[in-house]
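Heads up, the next two complexes both have chain A, just with different partners, chain B and then chain C.
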Partner chain A sequence: MQDDPVIRVVAKVLIPAIMLFALYVQFHGDYGPGGGFQAGVIFAAALVLNAVVFGLHRARQVWPMRYNLMGVSAGVVLYGGTGVWSMLAGANYLDYFALKADPKAAQHLGILLVEFGVGLTVASVMVALFFAFAGRLTHIRLVAKTAAHEATDSGTSRPGDAA
Partner chain B sequence: MGMFAVNAFLLLLLAIIAVVALRVHRLFALVMLSGAFSLTAAAQFVVLDAVDVAFTEAAVGAGISTVLALATLSLVPREEKPHAIAPLPAIIAVATGALLMVSIGDLPQFGAADAPVHVHVAPDYISGSAEKIGVPNVVTSVLASYRGYDTLGETVVIFTAAIAVLLILAGWTRAPYRREDEDRDTQGTRSIEDKQEDAG
Partner chain C sequence: MMQHLPILQVILPLLAAPLAALASRRHLAWHLTLVATAGAFAISLVLLATILRTGTPIIYDLGGWPAPIGIVYVIDSASAFVLPVVSGIGFVATLAARHLVIAEIDARDHPLFFAAWLLTLAGMLGQVTTGDAFNIFVFLEISSLSGYALVAMGAGRDRRALPAAFNYLILGTVGATFYVIGLGLLYMLTGTLNLADLSVRLAEIENLRPAYVALAFIALGLFLKMALFPLHLWLAPAYSHAPSAVTALMAATATKVSVYVLIRILFGVFGFEFPYMTQAVGGLLLTLGLLGAFVGTFAAIVETDLKRLFAQSSIAQLGYMAIGLGIMTSAGIAASFIHLFNHALMKGALFLALGVIAAQTTHLSLHTIKGAGRQIPITMTAILLGGLARIGVPLTAGFISKLYLIRALIDSGLWAVAALTFVSSALALVYVWKIVEHAWLTERPENAPVLTETPGQWAPAWILVLATIGFGIYAGPLVEAAFGAAQVFGPDIIQATQTIEGLQIIEGLEGQE
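So, the complex of A and B:
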C-alpha cells in the first residue's frame, strides 16, 4: 500500500479535500443537509485514510492521541459550556436567546457552538476507535513476541523487551 | 409509477442484501454486505426526503462502521463458525416482523398532513425555524436548538461509549510500538481484502 505511488498520490489529493468537505458540512449545516455528526465522521474518514495509506505510526504523528483524547472531552465541554454560558447570561440551560441581543444572531451562535462541539467529539471518537482497533494487532503481536522471547531465552537478558 | 418503481427497487435490494447476509459465512463479505445495506438504506432515505438522515446513514453506516468492522476483522478468524438456527430467537424475530406487518395497516398515509406526528409540535418548529431562529434547515434547528438537551445527551452517549471501548482496549498505549510493526499492521487490514479476492 505505502509503496504504491498511485494510491499515495490519490490519497494526498483526497485527504485535504475530504477535510475541507467536512468543514463545509459542519458550518453549512444551518442551510443545507449536514451538521456535527456527519462532519465529524467525514473528518475522521480523512484521518483513517491517512492511517491506511501511510501507516498507523505516521497517522499518530499527524494526529497525536493525547490531543485526540482531549478533543473527545472538549466537544462535550463546549456543548455543555454553551449551556452554562446561557445560564450565566440569565436564561435557562441551552437557551441561546440570552447569548446575544439579536435573537436570530444568538440562535445562530448557539447552534454553531453546539454543532462544533458535536463534530469535535464525533471526529475524535471515530479516530480514537480506529486507532485503538488498528493498534490492537501490533499489541497482540508484541505480546506474543515477548512471550516467545521469554520461552526461548528465559533467565538471560532480552534485547528490545520493554513490555 | 416512477416513484413506486424506485421504492420497490430499493426495498427489494434491501431484502436481497439482508437474505444474502444471513446466508454468507465469510466475514469479509458480511462486512461489505452490511455497508451495501446501509448505502441502499441511505438512498431510500433520500427518496423519503430525509436527506439529513440519509447523510448520516451513508457516512456512519456505510462509511466508518465498515472501516471499524474491517479493522476488527484483522483480529478475528475469517469465517463464521457454522451453527444451526436457534429456534427461540427465530420465532421471536418472525413474530415481531409479522406484528409489524399487521400494524402497517393502522399507520396514517405517508405524508398525510393530519397524521398525529404532524399536528403536535411540528407546525411550531416548521414556522419557528424560519421566523424565530432564522435557520433554513429545520432539521438543524430542531436538533441543535429545540431539542438541544437530546443532542447533548447523544453527544455524551458517544463520549461514554468511546471511553468504555478505549478502557476495554487499554494497553494499546503502553506497548512499545515500533514503526515497522505498525506500518505492516495497517497494511494487514488491507491485505485481508486481497486474500479474499484471491480466494473468491
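So, the complex of A and C:
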C-alpha cells in the first residue's frame, strides 16, 4: 500500500482533517453529540490510518509507544485530579460546582476537564492496542515461515497445502 | 478531610496507579505503591474505628448528588469490616512484593506491574465501598482486568501463566456479564441502581418473576467470581502460574471481595424473606459449599505442586464461607465474615511464605521442599502455622472460624452439615502432614539447590502469621465486629429460635402459593 500514490496523497490530506474532527467532537461534546470516548477513537483512527498507509515503523516514529503510556496515565490523572480539585475547593469529590463561582461555568469546566481526560486515555489505549496487535505481525510471519520451511523439509506436506 | 475518607479509600490507590506506571527510576514504582497502600490501610482503620465507635453508617455523595440519583459510597459495619482486610493484605503483600517482584518480573515491567497491582486493589476497595449496584460492576471489572494482566505477567518465568490468565479472563468475564444481566433485569423492574433503594422498591413489586431470573443470574455470576464449586476451575491454574506476590494478593482478597458482594446483594437487596431465598439459594449454597469443601480438600491431598495445593485448599475455604451464607441466619453470615477475615490472613501468610521459596526455584513442588525445614526454618514454620490455621487447630484464627461456623450450623439444627464440615476440616491434616513429612522428616537431597532466607523475605509472611495467632487467642473484637457486620443484613435471628421462624417462613410461602 505504501507504493500507491493515490492512497498516500489521500491519506496525507485526510489525517490532519480526522485529527481536527476528533478535537471538534471532543470540545463540542459539551453542546452537541460527542465527548471523550468518540473523540478518542476518532483521533486514534488517524494514527491507525497513518500506520496502515505508511507502515507501522513510520507510525511509531511519529507516535512512540512512550506517548501511549503517558497519554493513558495523564488522562486518568486529569479525570481524578479534577475530582481532587473540587475536594480541595471544599466540596465532595467531582462536585463541579466548587470549581468556579458561576455554577454554569463551573459545570462546564468540570465536564470539559473530565471528558478531556477520557479522550486522552481512550485515544492512547486505542493506539496502544493497534500497535501491540500490529507489532505481532512480523513475529507471526517469522513463525509461519519457519513452520512452512520445516514442513517442506520433512516432506510431510507441500507448500500449497495450507491454502 | 475526615468526611472525605470513604472516597479517598478508593482514589488513593486509583490515582497512584498512573503515577506508578510513569515512574522511571528504579524502585520508585514500588515506593509509590507502598505509600499508597499504607495510606489506604490507615484510612480503612480510621473508618473501622469510627464505625465501631458511632455505629451509624457514613454516606458519601459523589459529586454532591444525593442518592438515589447520584452514586453514593456507604461505609457501614459490613463494609468497614472488609475494608481493612483488603487494604491490610494489600499493604503487607506490597512489603513482600519488593523482593518477589525483583526475583520474578523483568525490571522494565516493574512500573506497569505496580500500576496493575494498585488498580486491582482500588477495584476491590471500590466494590466494598460503593452503595451502587452498577458501580460494583465497574469496580469488579477494574479489579478483574488488572488481575488478568497480573496473572499473565507470570509468563516471564512460566509460559503456562498465559493460558491460565486467558481462562481466567473468559470465565471472569462470563461471571461479570451474568452479574450485569441480572442487574439489568432488576433495573428494569425497579428503575434504580442504588442498593438500599433497590431493596425498598423490590419489596413493593407484585410480579417478582423477573427478579427470580435476576437473582439466578447475579448469584451464578458471583459464584463464578468467588470460585464456588463447580465453577472453580479457573482458580487453581491462575493462582499457581501467577507471580508469587500476585498469588498472595489475589488468593487473600479477590474471592473474598466477591463473597462480600454476594452477601450485599443476597441479603442487602433481596433479603431473607425473598421467595426461594431460604429453600433454593440457601440449599444450593449449603450443598455446593459442602461439595466444594470436600472436592477442594481431596484435590489438595493428591496435589504435589505447592501453589496449586493451597489454591485447591482455597476452594474448600470458599466452600465454608458459602456454607455460612447457606444457613441463612445472622449467625451464619457472621461466621462467613469471621472466616473471610481469617482466611485472608492464613492464605496471605501461606502464599507469601511460599513466595520466599518460589523466588529461588523454578518449580515449587513437594520435592523442592524436601528437608527444607532445616535449611529455611523460619519460612517453613510460617507455612506450617498457616497450614495448622487452615485445619482449624485451637489458638489459631482458623479455629475461631470453624467454631462459629459449626455453632451456627448446630443452632440451625443442621447437624449433618456440621459433622461433614468438621470431617472435611480434619482431612486437611493429611496435606499439612505431607508438607511436614517432606520439609522436616526427610533429608535434603545432596544435589538439591541451597535455599536461603533473609528477614526482608520472611517478615511480611510472619506479620500475617502472628496476626493469625493473635486473632486466634484474642478473638473477642473480631467476633464482635463480624456479628456487627452481619447485623446490617437482616432480622436478628440468632440462636435456636431461627429454625422455627425459618420453618414458619417456608410454610407461609407455601400457603401463598
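Rule of thumb we're sticking to: the second predicted complex is superposed on the first by the 138 of 163 C-alpha atoms of A that agree within 3 Å, B and C clash if a C-alpha of one lies under 4 Å from a C-alpha of the other, contacts with A are read in each partner's own complex, and residues count from 1 in each chain.
Basically, contacts are C-beta pairs under 8 Å (C-beta built on N, C-alpha and C of every residue); 3 or more make two chains touch, one makes a residue touch a chain.
Note that the structure is predicted; figures quoted are calculated from it, not measured.
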{"item": "Partner chain in contact with A:84 - chain B first, chain C second, else both or neither", "value": "second"}
{"item": "Touching partner for A:29 - first (chain B), second (chain C), both, neither", "value": "first"}
{"item": "Touching partner for A:134 - first (chain B), second (chain C), both, neither", "value": "first"}
{"item": "Partner chain(s) touched by A:73 [first = chain B, second = chain C, both, neither]", "value": "both"}
{"item": "Touched partner set for A:115, first chain B, second chain C, both or neither", "value": "first"}
{"item": "Partner chain(s) touched by A:125 [first = chain B, second = chain C, both, neither]", "value": "first"}
{"item": "Chain B versus chain C as contact partner of A:92, first or second or both or neither", "value": "second"}
{"item": "Which superposed partner A:19 touches (first chain B, second chain C, both, neither)", "value": "neither"}
{"item": "Chain A positions touched by chain B in one structure and by chain C in the second", "value": "69, 72-73, 76, 80, 83, 93-94, 96"}
{"item": "Residues on chain A engaged by chain B in the complex (per definition of touch)", "value": "1-2, 25, 29-35, 37-38, 41-42, 44-45, 48, 51-52, 55-57, 59-60, 65, 69, 72-73, 75-76, 79-80, 83, 93-94, 96, 103-104, 107-108, 110-111, 114-115, 117-118, 121-122, 124-126, 128-143, 162-163"}
{"item": "Chain C to chain A touching residues, read off their complex", "value": "4, 7, 11, 14-15, 17-19, 21-22, 60-64"}
{"item": "Chain C partner contacts - residues on chain A that touch it in the complex", "value": "69-70, 72-74, 76-77, 80-81, 83-84, 87, 91-97"}
{"item": "In the complex, chain B residues that touch chain A", "value": "51-52, 54-56, 59-60, 63-64, 67-68, 71-72, 74-75, 132-137, 139-141, 143-145, 148-149, 151-152, 154-156, 158-159, 161-163, 165-166, 169, 171-177, 179, 181-183, 185-190"}
